[in-house]
Amino acid sequence: MSEEPRPAGDIGKQRIEALSDGIYAIALTLLVLELKLPPLAEHATNADLGRALSDLLPKILSWVLSFWVMAILWLSQVRIYHLVHSLSHTMVRLELLQLACVSLMPFSTALVGEHGNLPAGAAVYAGNMLAVAVTGALRTRELLHQPHVHAKPIDDTLRRALNRRAYGLPACALTAFVLAFFVPGWNMLAMAGMVLMPPLRRA
Amino acid sequence: MSEEPRPAGDIGKQRIEALSDGIYAIALTLLVLELKLPPLAEHATNADLGRALSDLLPKILSWVLSFWVMAILWLSQVRIYHLVHSLSHTMVRLELLQLACVSLMPFSTALVGEHGNLPAGAAVYAGNMLAVAVTGALRTRELLHQPHVHAKPIDDTLRRALNRRAYGLPACALTAFVLAFFVPGWNMLAMAGMVLMPPLRRA
Amino acid sequence: MSEEPRPAGDIGKQRIEALSDGIYAIALTLLVLELKLPPLAEHATNADLGRALSDLLPKILSWVLSFWVMAILWLSQVRIYHLVHSLSHTMVRLELLQLACVSLMPFSTALVGEHGNLPAGAAVYAGNMLAVAVTGALRTRELLHQPHVHAKPIDDTLRRALNRRAYGLPACALTAFVLAFFVPGWNMLAMAGMVLMPPLRRA
Amino acid sequence: MSEEPRPAGDIGKQRIEALSDGIYAIALTLLVLELKLPPLAEHATNADLGRALSDLLPKILSWVLSFWVMAILWLSQVRIYHLVHSLSHTMVRLELLQLACVSLMPFSTALVGEHGNLPAGAAVYAGNMLAVAVTGALRTRELLHQPHVHAKPIDDTLRRALNRRAYGLPACALTAFVLAFFVPGWNMLAMAGMVLMPPLRRA
């Protein structure tokens, strides 16, 4: 929309925001497809149904965790894109890479809901989170090094807050990934830091 | 888009509107995935197909009810967001919480279509509606307490209409939830109030 | 966005356009989920795969027809909404009703792909198209009767073109619906009129 | 949005961009639905899960290739639509045709992930890519022939870059299609040119 000249390769942020909103919306909604009752007998009683529902509990927990983490990632992206008016070629590539990892989340959420007690299941899930967090950190790094895309100057307090988040999220995810091989399932507690980290209020 | 200073933590409403529209669109469309004919024999007759279609009737009814309620919720959100220019940090959190509940609706619609005659099935469905209605009511409450996000002053008539809706919807859903344990299936009639409640014409 | 006063109950068109685009996008994409190969044997040959693919042909034909019709419906809606700046309460209701019918299309497309040779299957599909066409016609009728929502005056040539389309689409769909009971499968040829009808170039 | 008169049949680009973003977002996310573990035994060991995950490798590779190609197609479309302010009737038709082919990608990705070693599987996948590339090339051709839709004049350097891409992508896809009948699976390497082709930095 803006008519100011842009360096070759930059693109406006509107379309990539629209694609992101679409992919997050779908990935968030597809998470629920994993919550499926096994077929019950024709004349199932209320107790049968209650038991089937409580058997879903691990899947419900992994749904809650994934929804929460993805909502926080989306919110970070909203705040970060508020700081820029367009995206450099590298930022677009990193964003598309992150969206690929986000679209994988329903797969790894299903995996951890079914096999979260096995190292391979827990590691795939934490590895997916790690990939999302690392691409996010690289995007923040690129953003801070490209002052020509900034919508307004970024002061030092905000720069520090951005860096803290950019390195804090991968650190939590890496911890969860390593612990997956030793205490699968419980390793997810390492993600708590990700969820509890103070949001980017200033952005 | 607006350049006026915003309190720390507030975000513009465009992106959250886009995410909501996406999640509602997907959840509304996924409802239909439950409408699936059982596989018929190779040379099924027209009568076989007619019978299979009429066996779908309970699922079709729960699809209609869910579509209707979700469309009304979406419309309320449109009217409410028309009153504000940005969202406080708390409103964003409540919105994401509500979207999580909305994205669960295809799951509980499937459940009630299959087991709506059992208390557990009817209660999960009504409980999901209750969660959506309560988060909506909290959002309205927060909105009325944050005059700095209002796009224009909210007069007393509108304030009363907003409050009536905010407390009326959870009341209907709570009634449906309690009745689920006594008259499962029929308890859904309590949702009729939700559907028939006069819309927020003034917003 | 516009600040002119609106009659109570009217809403801006942006959000309903966004919801529509979402629902059409999803319904169009979900159509493809029906195109599924049956599981082949472990060491299937190229001839086995070719046979399985050609068995998909009826489903592919119904996918093409549904995609085409839905794309045309979406395009009509784009052209019609270009004529207005906001929607009356009744238009919003009709739009949501039409979106419900649109979201049913993947279900009836699947049905006709599997059982299009039976009257019940062909009738459900044509009936779904009929419901979409009738709600569209009612929306056009309401639009022409609500001059206060028009973005610019609607001249007589355009009015006639709108009316011709509004009544032509339901007429084709009704013909297909009636023929479903006599020549199931072939009745779909009556939809050709829908697809070949000249588009609303002037809108 | 713009109020300048448009030739009959042209439409603004906002809605078609929104529909495209939706369809790309959904098709990109549905690709993941194919990544599904076979049900494992009740007390599966970590080695069982590891084996099941590594059996997914061909599907993961086809997911990566499809995501990458579709992300590049989306990005081309973003850059191309940046050059125009509205779309001619023919461009809209070509865009909808291309979106139909894009929405087929999850089907052909699933097919190639399962049967990429058979000519029929590899040819369907490459054929789908070819259809997407050809409709894209026709769209670019139409765009260059319709100066009245250009947002600003298109200079010769850009025109050459657009033409190079428009003919380069179908050439790669056609090569992959032909090779599918001789070296199924390996034929996909011909797509590498598509992925490595320099992006439209100037657009």
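As written, the chain order gives the labels A, B, C and D, with residue 1 at the start of each chain.
Criterion: contacts are C-beta pairs under 8 Å (C-beta built on N, C-alpha and C of every residue); 3 or more make two chains touch, one makes a residue touch a chain.
Because the structure is a prediction, the values reported are computed rather than measured.
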| item | value |
| --- | --- |
| Interface numbering overlap (same over half, different under half) for chain B and chain C | different |
| Copy-to-copy rotation for chain A and chain D - C-alpha atoms, rounded to a multiple of 5° | 90 |
| Distance between the centres, which are taken as Cα means, of chain C and chain B, whole angstrom | 25 |
| Separation of mean Cα positions, chain C and chain A [Å, integer] | 35 |
| Residues of chain C touching at least two other chains | 18, 21-22, 25-26 |
| Residues of chain A touching chain D in the complex | 8-9, 11-12, 15-16, 18-19, 21-23, 25-27, 30, 89, 92, 96, 99-100, 103-104, 106-107, 110-111, 114-115, 118-121, 124 |
| Sites on chain D touched by chain A in the complex | 17-18, 21-22, 24-26, 28-29, 31-33, 35-37, 40, 44-46, 49-50, 53, 64, 67, 71, 74-75, 78-79, 82, 199, 201-202 |
